[in-house]
Each structure stands twice: as C-alpha cells, then as structure tokens.
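The same subunit A turns up in both complexes below, where it pairs with subunit B and then with subunit C.
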Partner chain A sequence: MSVIDRYAYVNRLRHIDPAQKAGLALLVIVLCLLLNRTVVGILAVGWMWVAATWQAGVPRRVFGRVLLAEGSFLALAAAGVALGVSASPPLGADWQWRIGSLWLSSSIAAVNHALLLVSRALGCAAAMNFLALTTPLVDVVELLRRLRTPVLLIDLMALIYRFIFVLLECMERIYIAQQSRLGYSTRRNAMKSAALLGSRLFLETYQRSQRMQTALESRGYDGDLRVLSITYRRDWRIVWLGIAMASSLLLAWLAG
Partner chain B sequence: MVGYCNGQQPAASLAGGIAPILEADALFYNYAGRSDYALRGASLRLFPGQKAALLGRNGSGKSTLLLHCNGILQPERGQVRVAGAPMTYDRCGLKQWRHQVGLIFQRPDDQLFSASVMQDISFGPLNLGFSDDEARRRVQKAADQCGVGDLLDRPTHALSSGEKARVALAGVLAMEPLVILADEVIASLDPWMRRQVFDIFDQLARQGVSVLLSTHDIYIARMWADRIVVMDDGIVVAADVAERVLANMEELMQYKAGI
Partner chain C sequence: MNKRGRFRWGRIVWGVLALLLLSGHVAWANAIEPPSAIESVRYMHIMEGFLPPMWAAIWFVVAIPFWIMGFRRINQLVAQKPEIRLLLGVSGAFAFVLSALKIPSVTGSSSHPTGTGLGAILFGPSVMSVLGGVVLLFQALLLAHGGLTTLGANTVSMAIIGPLVAWLIWIGMKGKAPMWLGVFLAAAMANLMTYVVTSLQLALAYPDPAGGFVASFVKFGTVFAVTQIPLAISEGILTVLIFNALRSSATNELQALGMQGA
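Our next item is the complex of A and B:
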C-alpha cells in the first residue's frame, strides 16, 4: 500500500463527503489560476497545508515530502523560465554570466514570472495533494458515479485500481523468485530476467482477467459492476474553511 | 424478493426438502483445443444441509465439475438440476441458478475486484436485483458471519490472505445460496483459519445449506465431511457416506485421491 493510499484511508476527513473535499480542492485550483499573484499561490499552499495536517491529521513531513517532490520538478521548469542562454551578450538582462562561449542571463521580470508560475502550480499541486491524501480512490470513483460519469469508465477505473495492486504483488513474487536463483547477479542476467518478468506479467494479467471474469459471472455479473454506494457525512468545517480560504486569497489578490 | 423466471418453483420446497438440492447427471465436457474429455459422464447428487468433500488428484475434473454446477460451463451432454428444476443457460436462468448455487474460488484475489470490502460483498446481492437496503443488510450479515464485519471499510488490497479468503466467502454468502461450492478454498489457509472456515461451513449446514468442498486432502475430508465424492479422470468413481468410502482405502489409493 502506498503512503498516499494509506493516509487516504486513515485520515480524520476520511468519512467526509468526497464532494466537499473535491469542491475545496477545486476552489483552490480555480482561484490559483484566476488570481494572477505569487502571494495567492503561496497562501493557497499554506491553507492546504493547514487543511491536510491540522484538519485531516496527515503528518506534516508526509505532506511536505509529497509537495517537495512536486516542487523539485517545478523548480527545474522554473529555471528554464528564469534563466536565458544565448550565444551573444543578452539585452535587457539584470544579471549575466559568461560561461565559455555562451551567456547565461536573467532579469527581475523573468524571476518574478518564474516565481508566479511556481507559486500557482504549487498551490494547485497542494490542493491535489490535499484531495489525494484525504480521499481514497474508492471515494473519488463514488463521486464520479454521482456526477453521472459513464459506467464503463467507472468500472474500468475500479478494475485498473484493483489490478495495480494485484500485479504489483505478482511482480514482487516473480522478482523474488528470480533473485533467489541469481536472476539479477550480473547486468546481462538482470536484463534477461527483467524481460522475462515483463512477459510473464503480461501472461499473468491475461490469465487473471480470465479468472476474474469467471468469478464475476459466478456472482451474477451481466455487464455492470454494481456495488453499494458509500454513505458519507457532511461537515460544516469544510464549508467554513472554504469560505475563509477563498476570502483570504481574494484579499491577498486585491492587496497585491 | 427475487422472482423465479418462467414460473419455475424450486422442487425441493415442494417435496419437503428430501429431494437432492443439486444434481449433475452424466456430464461430458471437452475444453477447446484438448483431445481428451475433462468430464466423461460425471454425476453428482447433493442433499440439503449436507457437508460433502470432493476428492481427486490434480486434473481429475473437480474444478470443471464445480464450474458446471454453477453454470459457468455448459456441458456437451448431461444436465444439471437445482432443487429438481433443470437449469437453463439464458440470462434469467443463470441469474436464478447463481442465486441458488454459490461458488468460492481457490484464489480470493481472482474473486475480489472492488476497491473496498463492503462494495465487493454487495456485488452479488445487487446483481440478484435486491434493493440497496436489502443488499446492505445482507452485506453486514455475511460479513459478521465470516468475521469481517469490522473490515467493511477497508480496501481489498490491504487485507491479509486469510482476510481475503473470508471476504471472498462473505461475497458468496451474501447471495444466500442453497448450495455452496468451495473450490480448494482451504488450500492456502493456516490451520486456525481453516478451523474458522469449517465453523462457518458447519453453521451453514445446520441452517440447511449444502456445502461441497473440493480438496486434495483426505484427512480434511475424514474430519469434516459426512459424504465423500471421489473423482478420477473426469468421472465420479465413488460417492457415499464418508465412513463407507474411507473404509475402502485401497480403492482410494488406486485413484490417488488425496493420498
């Protein structure tokens, strides 16, 4: 079970209606995209941090680690926006460095633009992290069902989600079996074993799907994966949190 | 309530419960691409509340027979009757059939498809056409019966193998069948978990549900079953009360049935 999946099942907001949590996350994403200010993105990260750690009880280091991973990718992208590389001396740059025959340059405007992009993207990512860490996929699927998403898509999502874990278990077993017989002792062996593992996994997937089809039929499957809806509770705290957060983001935008 | 198609009524209820609840008559079946028959006239009778063990070595046709008894496979020749009524393979007939005969598979991972335990157990009752409230009642009852009542909220991938086996069993019990076919379900369980599964089977048998357990293990059959059916090479070679079958150990040795 992945870390995100584990906290999604054990957090304090687990039984809150996923529509409320998704609504809150969506509100943050929309505000981050509409309100074009760096401070809005930073504030959104702060709010989502508070909601996930203080309200849902997700450990700060877990939320921080997930955000850091996304922040690292964003930092790489932001470097491309903030820095310019040219063969000739750059015009209008506030800082410039010569590296061999190339010029590396940057400007206050470019740095601000990069910061704006990073803060907005990080605000959106924090909102998605909040949703992922507080809402298991089964609840997201349930929400999509309520939103009248086509049944075929819902069924596919549910089966793919289930099969990810089944195949991961299977892959682990085959890997251990190969390792116990020196399957990964040399680079050549490792390449060969990995290829065999991949092909075996394809076969296993096919065979498992056949067996699952049989098992589903034995319980009356006739085309739809009908299962019970989950009952959730509504929580006014989420509503008040959403109002407070939206107000503060709007105020930050107006003040900025 | 689930209605019976075409006005069919279970004959056993009319006959006061003395007629066999499940009958397979001279079934023949050949898997595509195979030269030899997997079933060569296999016959089976199971009475209400009976605890029967289906013994036989690998490839003797046990699983194929169970798949026929649940309507997953259709025999080339022969007939399966449930509660005296011959089963049909149309949509309505199969629905009625699977309401009456439940099949539990050897590997719970093949049976558990849903993300949560509650949703997985609810699959059968909802397919039978029960309302959400009735399905919820059956889910809770079956889960409690199998000792997984406190796991309903858990994701299926986070269960231990013993819990998965019990959830798979609950998924079938929630359909409240008259017959339960268990295809080597105890093979991967530890002795403590086996005891729990046998307790559930015993409780079901006391309620009048027939249980047919496919196994390789003659000692388990001796300990638990009151009737033993031995299969070899696609046919039933012995079927009698446990003591009488086990009294003739030499015959069992001849068929390598679980020995």
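Our next item is the complex of A and C:
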C-alpha cells in the first residue's frame, strides 16, 4: 500500500488541483458505466495508462500492478457471470458439462457479457487508480472539505489517514519482534501471535489517542483541527485531456 | 502430440490459472519489503465499475440513512465527551490496519480478517457504519481495493449488515452463553454475512439468464465460498483470542469505551 501513497506524493501531477484530477477520473468512470461497451472500457484503460505514465510519470510496471490488484476478484466474478448452473439440461447453451445432477453451461453471449464486465471494470479501475496514484489522500480530504463535508468527518478522515501509517509501523515492529522470538512458527502459534498483535495494537491505539489529546490540549485545542490549505495549480492540459478522452470514448461507442 | 508435449501444456494451463488467482497476492508481495505483517489484502470488495449504474445508485440510497444515523451518533458522543473525537479517529485507523493483519486460515494459506465483528462489539454498529465507510474509501484510494461507485454496495455489506449482525448476536447472547461463544459467533457470522450480502448484490445485478436470481446467487455463493468459509472460522477464533487478551490487560480502556460486562 505504501507504493500507491509514495507515487501520489512524487508524481508530476502532484500540485494540480485535486478537483481537476478527480473530475477527470469521475468523467471516465461515468462514461464507462453509461456507455457500457467492451471497446469503451479497453480505450479507457489505454487513456488512463497514458495519463498516469506519460503525464504523471508513474512507472508502467507500477500502474499495471495496481490495475491487477483485484485480479482474483475479477476472475471469480467474471466466471460467475460466464457460467450458468441449472438442474435440467440448459437450453440455448453453446457448451455444457454435467457434474453430478447439475448442469454447468456457457454460451457465446454469456462469455461476451463477462468480457464486457471485465473491460468495463478495468476501465473504471484504471480511472480510479489514476486518481489514487496522482493525488495524496490529504488532497482528496481537502477536496471533500471544499465540497462542504462536515468538519467532524473531515477531522476523522485526517486522523485516520495519519494514524494508519503510525499503527502500520507499530504493527510491523511488533511482528518482527514476535518472529524473532519464534512467533508464527506453527499454525496454532501463528493464531496466538496474531491475536496478541491485534490486542496490543488496540492498546497502542487507545493510549496514542490519550497522549495526543493531552498534547493538543496543552497547545490550545478546542475541538477543531485547523490546518493551512495548500495552493494548487490549475492546468489546461487536464481539461484538454478530458475533452479528448470523452470525445474518443463517445466516438468508440457510436462506431462500435 | 506426444506425451511430453501434453504434459507441458498441462503445466502451462495450471500455471496461468494459478497466476490469475494469485495475481493480487503476487503484486503486493513483490512491492513491499521482506517478511512483513502486511501483505496482499484479498477481501470481498466489489471492484470499481463492476456494478451497473442503477445498482450502484440503489446501494448508495440504502447506505445513506445509516451514514446519517451513524454521524448523528458520533456527533452526540463527541458533544458528551470531546476526547472521543480523537479516539474515534485512531480507532478508524485501527480498523484499517487490522484488516491488513495476516492470520493463518483453516485451510493452510494465510488470510486477513475483516475486523467488522470486533469493531461492532467495541464501538457499536452505528459508529461502525461511518468509520467503515471511511475505511472503505481509503482502501479504494490507498490499496486499489473496492471502488468509488461501488462504495455504497461495499458499505452495506461490510460496514452496515456485518456489524449489525455481529452486534445483535453479541447483545442477544450476552449472559445466556459463555462469552467466548458469543464473540466467536458474532465475528464469524459478521464475516460470513459480509460475503453472503456481496454474493446477493452480485446476483441481483447479474441474474442468471436461465435460472434467474436464485441460480445466480448459488453460483456467486459457491465461487466465493471456497475462500470465505474457512476465513470466517479463522476470524472467529482470532477475535475470541484478541477479546480475551483485551479483557485481561485492557479492562480500563474497555470500560472507557462503554463496554458493559468487560
């Protein structure tokens, strides 16, 4: 997970207004979902690939890995759509197999439908990953603040984001300490070690929140966490990219 | 084709299949430094773009009242005890990190807990709907797991129904059965319900052309059952162990959270 966060901070589009980047990603997601064609999905993956690697400078390898992060879900869910199960011999199936008393079947239409879903999901995921890889979560939270999200929720998000990394580091240290003392050596042991890690982590969580409360109060904390907002750059390139992308997706839809 | 050629083809096919199933695992295992508690996270999140627009919208409509209710509850808690604001923030991070914890699954491979059961027991289901929603948003943007348009659907399964089931079992069994049994069932059922609801959501969106909704539900259910049922048992055991450890060493903290009977 640190990989996505790292590139979010160091890519070339880092200082561009998060509203522009989120707008671009959402535009692609909405177009992919509404146009609902295999070609559109594949084209969207291509566009987002170009935007993330060529414009933002994210390595191709990283973009590919992140895109396939959910490969197992996609493979299983697509199999669920492509295959049909019935108790009687299926009608209108192009392929069928008998397993016990059940019939497993598939047809060209079902396979096409599964392919459509895979390409659409990959297109949408590519757009979301573009946003994730170019925009740090602090910028997303800042964008939500501009969109009038309640202050309490913004504070919670900021705290959660900050403490994810603190707790992950803590967890990592405990894990290494446990491993060097024969933790996780057998399956039974692994369960015990994991439970110990989880409960210690909870204590750490609680104590950290107490210490932070004290630290903040001694600096005049009255309930809201106020931070300076960053100034962002607006870039016309993103707008042109959006226009080109939307029109090519629409053209692909009309043609296909 | 001779025997050797066939053998090679078999190997290639199995290799590709294994790669497909493990792609998530491999991708992350390579990306992160050596032996680590954090690894690929494979839960039942509906991927971005997998639901048609209508169903994505419907699940948002279902989730929003729970978000509002949970947010009101959090506002109430913060008004009563201002220090709970920080505690809730750090607890959200705890929920996120807990889902990256590696636990041995009953079948042998390692897996990850959802943490919804423990969260519901510790913080209550209404608070979990908001914290869970934020955690799901962060998982989408930090791990590329789940999605933005499927946030509503994933919230309903992981942050609303799962915690609600866990909480009802926990409250219903308290005092009537041994505590470990209540905790085990709450955590295991929360995990299992998350997976049942996700299968339901997929089946509603993509009913089987011949068998309709029921056949589709059975189909998605079996496809995911292989990984999810052992995981539910593991999570149940883990949660009992964590809960016992907390009861012996964190009594004050549990009482501060308003846990009765701790």
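Simple rule for what comes next: the second predicted complex is superposed on the first by the 244 of 256 C-alpha atoms of A that agree within 3 Å, B and C clash if a C-alpha of one lies under 4 Å from a C-alpha of the other, contacts with A are read in each partner's own complex, and residues count from 1 in each chain.
The definition used in the following text is that contacts are C-beta pairs under 8 Å (C-beta built on N, C-alpha and C of every residue); 3 or more make two chains touch, one makes a residue touch a chain.
The structure presented is a predicted model; accordingly, all values stated were derived computationally and were not measured.
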item	value
Comparison of subunit B and subunit C by subunit A residues contacted	C
Contacts of A:Leu197 with subunit B and subunit C, given as first, second, both or neither	second
Subunit B versus subunit C as contact partner of A:Ala215, first or second or both or neither	first
Partner chain in contact with A:Val138 - subunit B first, subunit C second, else both or neither	first
Which superposed partner A:Ile29 touches (first subunit B, second subunit C, both, neither)	second
First (subunit B), second (subunit C), both or neither touched by A:Gly84	second
Which of subunit B and subunit C A:Arg233 touches, first, second, both or neither	neither
Partner chain(s) touched by A:Arg148 [first = subunit B, second = subunit C, both, neither]	neither
Touching partner for A:Tyr9 - first (subunit B), second (subunit C), both, neither	first
Shared contact residues on subunit A - subunit B and subunit C	1, 5, 137, 158-159, 161-162, 166, 208, 212, 216
Touching residues on subunit C, where the partner in the complex is subunit A	20-25, 27-28, 30-32, 35-38, 40, 42, 44-50, 52-53, 56, 71, 74-75, 78, 82-83, 85-94, 96-98, 100-104, 108, 110, 118, 122, 130-131, 134-135, 138, 140-145, 147-149, 202, 206, 208-211, 215-216, 218-220, 223-224, 234, 237-238, 241-242, 244-246, 249-250, 253, 256
Complex contacts: residues of subunit B adjacent to subunit A	67, 70, 72, 91, 94-95, 98-99, 102-103, 105, 107, 109-116, 118-120, 122-124, 126-128, 132, 135-136, 139, 153-158, 171-172, 175
Sites on subunit A touched by subunit B in the complex	1, 5, 9, 136-138, 141, 158-159, 161-162, 165-166, 169, 208, 211-212, 214-222, 225-230
Residues of subunit A that touch subunit C when the two form their complex	1-5, 26, 29, 32-34, 36, 41, 65-77, 79-81, 83-86, 90-91, 105, 109-110, 117, 120-125, 127-129, 131-132, 135, 137, 140, 150, 152-153, 155-164, 166-168, 171-172, 174-176, 179, 187, 190-192, 194-203, 205-206, 208-210, 212-213, 216, 223
